[in-house]
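In what follows, chain A forms one complex with chain B and a second complex with chain C.
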Partner chain A sequence: MKAENETKRNIKLAVDYGLYTLIACVFVLPIIYMFVSAFKTDAQIVSDMSTVKAFLPTGKLSFDNFVAIVDQVKFFRFFKNSALVTLLNVSLATILNAMAGYCLGMLDFKSKKTIISLIIALSIVPSEAVVLNKFMIVNKLGMINSLLGLAIPSVGYPMFIFLYYNHFKGMPKELVEAAIVDGETYGGVFWKIMLPLSKPVLATVTIMGFIRSWGDLLWPTLVTRDETWRTLPLALRALSTDVYIYWGQIFAFSSLMTLPVLILFLVFQKQFIASVTSSGIKG
Partner chain B sequence: MKSKSSNKGLAAAQRRTSLIYMAPACILITVFILLPFILSVYYSFTNKMLVPKAGKSTEFVGFANYIKVFTNSATAKSFVNTGIYALMVVPAIIILGTLLAVFVNKPLKGVKTFRAIYFSPQIVTMTVVAVVWSFILSPNDTGIMNSLLSKFGIPAQSWLQDSRLALFSIAIMYIWQTLGMEMLIILGGLQYIPLEVYEAADLDGCSGVQRFVRITVPLLKNTMVYVMLSVTINTLKLFTQVYMLTNGGPKNATTSVIYQLYKVGFMNNQQGFSSAIAVVFFVIVLGISLLQNYLMRDK
Partner chain C sequence: MRKAFTIVLMVILAVLPLMANGNSEKAVVEQAEPTSIKVWVSSGSEDGVYKKVFDNLEASLGITVVDEYYPKDELDQKLQVSPIVGDTPDLIVCDYLMVPSYYEAGLIKSIEDHISDSLKEDLIPSVVTETSYDGHTISIAQFDAGMGLWANKQMLIDAGVRIPTSYKDAWTKEEFEDALKKLKANGVEYPLYIRQNKAASLYFQYMPFIASFNGEYMNEDGTVTGAINGEGTLAAFEYLSWMVKEGYINGKCDYENGFYERKESALALLGHWKYSDHVNFLGDDAIIIPCPDMGNGVFTCSGSTVWAMTSAVDKNNSENLVWKVMEGALSEENIRIVTDFNGAIPSRKTVMDGVDNLKEDGRLYLYREQLEAGISVLRPLTPAHMTIYAEMQNAYKDVIGGADPKSVLDEAAKAIDEVILDNGWNR
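The block that comes next holds the complex of A and B.
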């Protein structure tokens, strides 16, 4: 009787793990296909396509595709552009929105309620919808085809302010009062006490901001004129809509573009998952 | 006890700090969100062009642009396409996401690794997802998806080149990318339900199905509403796959609202018309957001 239960449990366990693995394949195989194909010749990719070999390192593997996209497609130039835009955008968005969220959540001042309502209302406006008139303003400000034009317009982000506002609203006010009695300024409280206590929400905003900025296609399409400030998503589009399609190079380009995010994900996996998992509860 | 004058001093200090600390974000939001929004509403009633032509001044045209949103066939189609796309994506994500979340909500060894694996497509940017999947959905007989389907006796399809399947192909890409993330959000909601509730149900002799229908679903309501409406709004912003792969084709089958407002405004120079599309789009998103607030209100 006991042994029978044991077998039953083992079978159930095997079914669970079998299904887990099968589902994992659906999510992972396209990514594996990308990385593996980056090392193959175009002919090899096409001939492997109809079989399992598409996901396996078959045939003559080489770094030729990577060499080609670095030498001919100038990958690192676009990488540098994307990195600068993302770095500037994310660091400013993380700090400036936190400063605003701190004031709204912890300090008292006139018309605070109105500003909070306005921020909530504006968080509904999809940035994609106002993109054309935003472009016109950026054009008037002379920021077309520049680092600032790419990175700055999306720094002020109502949703991030709202996230920070909710976070700071829940922190004990006594912390501020005690520090003020000790002679700290309200600004000092933010930098020295509140920021160090806000690591989880800072991580959430950084991660969300990074994903938003690194993959953005619409805004760079509008504000870049030539290769000077072309970012990775735009360069990938140029490569994949070229007259002749070099499969291997496109896969190599995609792989190199994904690698930094993948590394970040593996390092900060816990924060990634925690920030996503909690977003529904807070929402 | 603080004296009255020092209280006043503190209030003034708070005002000062707030003014300085709020300014950067507020100025940026005013210039790059509020102002473009007001201009969109204003220009939507004019025939303004992005690059003005000599001798043609900007004039008020009343509701002409709004009428055009519904009568211009490509534009009307873009709204229909975007709606159909949302109808393909949202139910798939809700159903599959909930099933997955329940399935990975087990105290098994290594289950956290599987959750991370299911989430991992989210870190691949949509531009890359679109390109990789366009190869998987190659139209020839030997394409990965076509070879796989042929094992089940399904004939080869042209996917992105077929006007009936192009939007569906684009939906698959988005579902693949986002499903794991939505699964995690639903899982967060599941784990938020106190175990005691289930234990009490077990004592009362509830079956697994009863447990799911009577406890899990109602207690998961807020999470589900959040997932449903946030995914809906995200799908309405469809642009990347269209711009990367189809440029709205074949036969306008994949023209989305955002792609259309980009094309009309940026390529065809009709800023006024494009602004009207933006305002209609905003009203739809606003309606969905209000619905979310209504459904998630505290009882």
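The block that comes next holds the complex of A and C.
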């Protein structure tokens, strides 16, 4: 009986692990494909497509694609631009959206419900629908083809405000009341008490904001008007033309471009998962 | 925590003004006699040769050409908002299909007053057609596309298939089907490669088949219902679907080299731009044959990159200078710089005569013969180009994937006409 149970348990474990491995493969294999292909020649990549060899280091492997994107495509110039834009955007987004979420979640004031409803309504408006209006405003402000023009307009983001709002709403109001009784200001409560207790949401907003800004294509397409502030996604798109697709360089470029996102996720992994489980974010 | 955030915020606020370098600082200075022009080029594999052409023009005209290269979509988006920003270039070099919508939007100037009759007469007919819109010449082209079927000569011989040498002795529909059957029976896994891995390109490449089935993409009134889903075009799409079902085309192909490297195909519906790959891999076995006559004649298709003067020349007072640049681009030397690189057909008859491959026994003579015979069809010159392009890309993809051609084309026609009618682009 015991042996039978043991066998059943082992079979169940094997099935579970098999399933998990399969799911992991769906997520991991494209990344392996990308990194492996970055070292192959264009001809080898095309030749390996649709076969299992695409995931294996076949043919002549070299750093030629990386050398080409650094020397010819000037990867690091675009990397610097993307890094500055993302740093500015994410820094402001984490703070300003948190401030908005704190006000809505912790404080009571007139029209609060209307504002929350408007923010939720805004989150269903696709950014493409307002891109031209936003562009005209940025142009009027003289921020076209500048770092500010690239980073500022997408700082306020309804979903982030809603995340913070949800987080602060769930926190005990007594914390604020006690601090106010002790002579602290609302601003002081935010900086000294609320923000330090919001690390999981901060991590989530940082990661999501980073991905959003790092991979944005449409806005930089419009706002950059020459080479000065061109970002990584624009440079990556240029590697695929109507006539020729530079596969090796695309994979090498994508590999280098993905690394910061992977590193960021690994650094904030614990907080991100904590926030996901508490807020129910998906995808 | 508070301290850290305060520092970050202060640093950001302190550097914000330093980082603003928007166009408000760029005062527009009108030049009486400009010595410099700005050019935006739709980037591609020819970027290097365009730089060479601009270097030549700079040296011969004593001017500065500020050339910037953007992918097609990016160029289109940037150009559309350029009047708002005020940075429209003087000249654009892009796909001829993009120009009509810019012309309709007032972004492009007609060059009718500049181009001489003798120059016009020296241009091949297909180039005259692609550079004209609304009764005006609105651009110039250095070359035109050559289109037909690339074929692996040895495979055709091995399968006992006749090899046509002129558009006048192209295969009939029956002969074409017989050739596919014989090639398949002779071990050629998928006899025909049509670049199905990049369905967007079929909007162009499949046109000779559509025309030969008596189909078309657009009605004379500028709408598409009845054309895109009309009898002829539908027959061409059903034929495409049939070729995939019969296994003559690999519907699941996601690679470029089915014809020249994997050699799983003996025929490739591709144009001049694959010259290097095909000749390098197949040597003398890489030959060009005409597209088959599916019942209504033999056709090829054409269209190329054009140079168009923008209306910014009025503000910049650079109209004459820009025309000199355009005229210079049509010199034999500058045309040959481009066509020797990409294997395309020079737009001027006098330049064509000097190209060995285009002489009567040359490897690419068929391209010249077809273009001079005027059997070339163009994609519709319409402001709705990008809409049609996007819809047809999906239509080709779906039909190759097994969808019903009629419902796919009906849906595409409906979607395209909605945009055309909404914008008043019908005539």
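Here, the second predicted complex is superposed on the first by the 224 of 283 C-alpha atoms of A that agree within 3 Å, B and C clash if a C-alpha of one lies under 4 Å from a C-alpha of the other, contacts with A are read in each partner's own complex, and residues count from 1 in each chain.
Note that in this section a contact is a pair of C-beta atoms (placed from the backbone, for glycine too) under 8 Å apart; a residue touches a chain by one contact, two chains touch by 3 or more.
Not measured: the values here are computed from a predicted model.
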**Prompt:** According to the contact criterion defined above, which of chain B and chain C contacts more residues of chain A?
**Reply:** B
**Request:** With the two complexes superposed on chain A, say which partner A:L236 touches: chain B (first), chain C (second), both, or neither.
**Result:** first
**Asked** Is A:C103 touching the first partner chain B, the second partner chain C, both, or neither of them?
**Response** first
**Prompt:** Which of the two partners, first being chain B and second being chain C, lies in contact with A:G209: first, second, both, or neither?
**Reply:** neither
**Prompt:** Which of the two partners, first being chain B and second being chain C, lies in contact with A:P126: first, second, both, or neither?
**Reply:** first
**Request:** Identify the partner contact of A:V28: answer first if only chain B is touched, second if only chain C is, both if each is, neither if none is.
**Result:** first
**Message:** A:W191 in the overlay: touching chain B, chain C, both, or neither? Say first, second, both or neither.
**Reply:** second
**Asked** Does chain B (first) or chain C (second) touch A:Y244, or do both, or does neither?
**Response** second
**Request:** Scan A:G142 for contacts with chain B and chain C and give back first, second, both or neither.
**Result:** second
**Asked** Which holds for A:S254: it touches chain B only (first), chain C only (second), both, or neither?
**Response** first
**Request:** Please write out, lowest number first, the residues of chain A touched by both chain B and chain C across the two complexes.
**Result:** 46, 49-50, 132, 135-136, 218, 221-222, 237, 240-241
**Residues of chain A touching chain C in the complex** = 43, 46-47, 49-50, 88, 91-92, 95, 132, 135-136, 139, 141-149, 191-192, 195-196, 218, 221-222, 225-227, 234, 237-238, 240-245
**Request:** Enumerate the contact residues on chain C facing chain A in the complex.
**Result:** 1-2, 5-6, 8-9, 12, 16, 19-25, 43-45, 68-74, 77-78, 81, 84-85, 87, 201, 252, 254-257, 261-262, 273
**Request:** Please give the residue numbers of chain A that touch chain B in the complex, ascending.
**Result:** 13, 16-17, 19-20, 23-24, 26-28, 30-31, 33-34, 37, 46, 49-51, 54, 96-97, 99-100, 102-104, 107-110, 112, 115, 119, 122, 124-138, 152-158, 161, 180, 185-187, 190, 211, 214-215, 217-218, 221-222, 232-233, 236-237, 240-241, 247, 250-251, 254, 257-258, 261-262, 264-265, 269, 272-273, 276-281, 283
**Of all residues in chain B, those that touch chain A in their complex** = 10-11, 13-15, 17-22, 24-29, 31-37, 39-40, 43, 50, 100, 103-104, 106, 108, 110-111, 114-129, 131-136, 138, 141-144, 147, 176, 179-181, 184-189, 191-192, 222-223, 226-227, 230, 233, 236-237, 239-240, 243-244, 258, 261-262, 265-266, 271, 274-275, 278, 281-282, 285-286, 289, 296
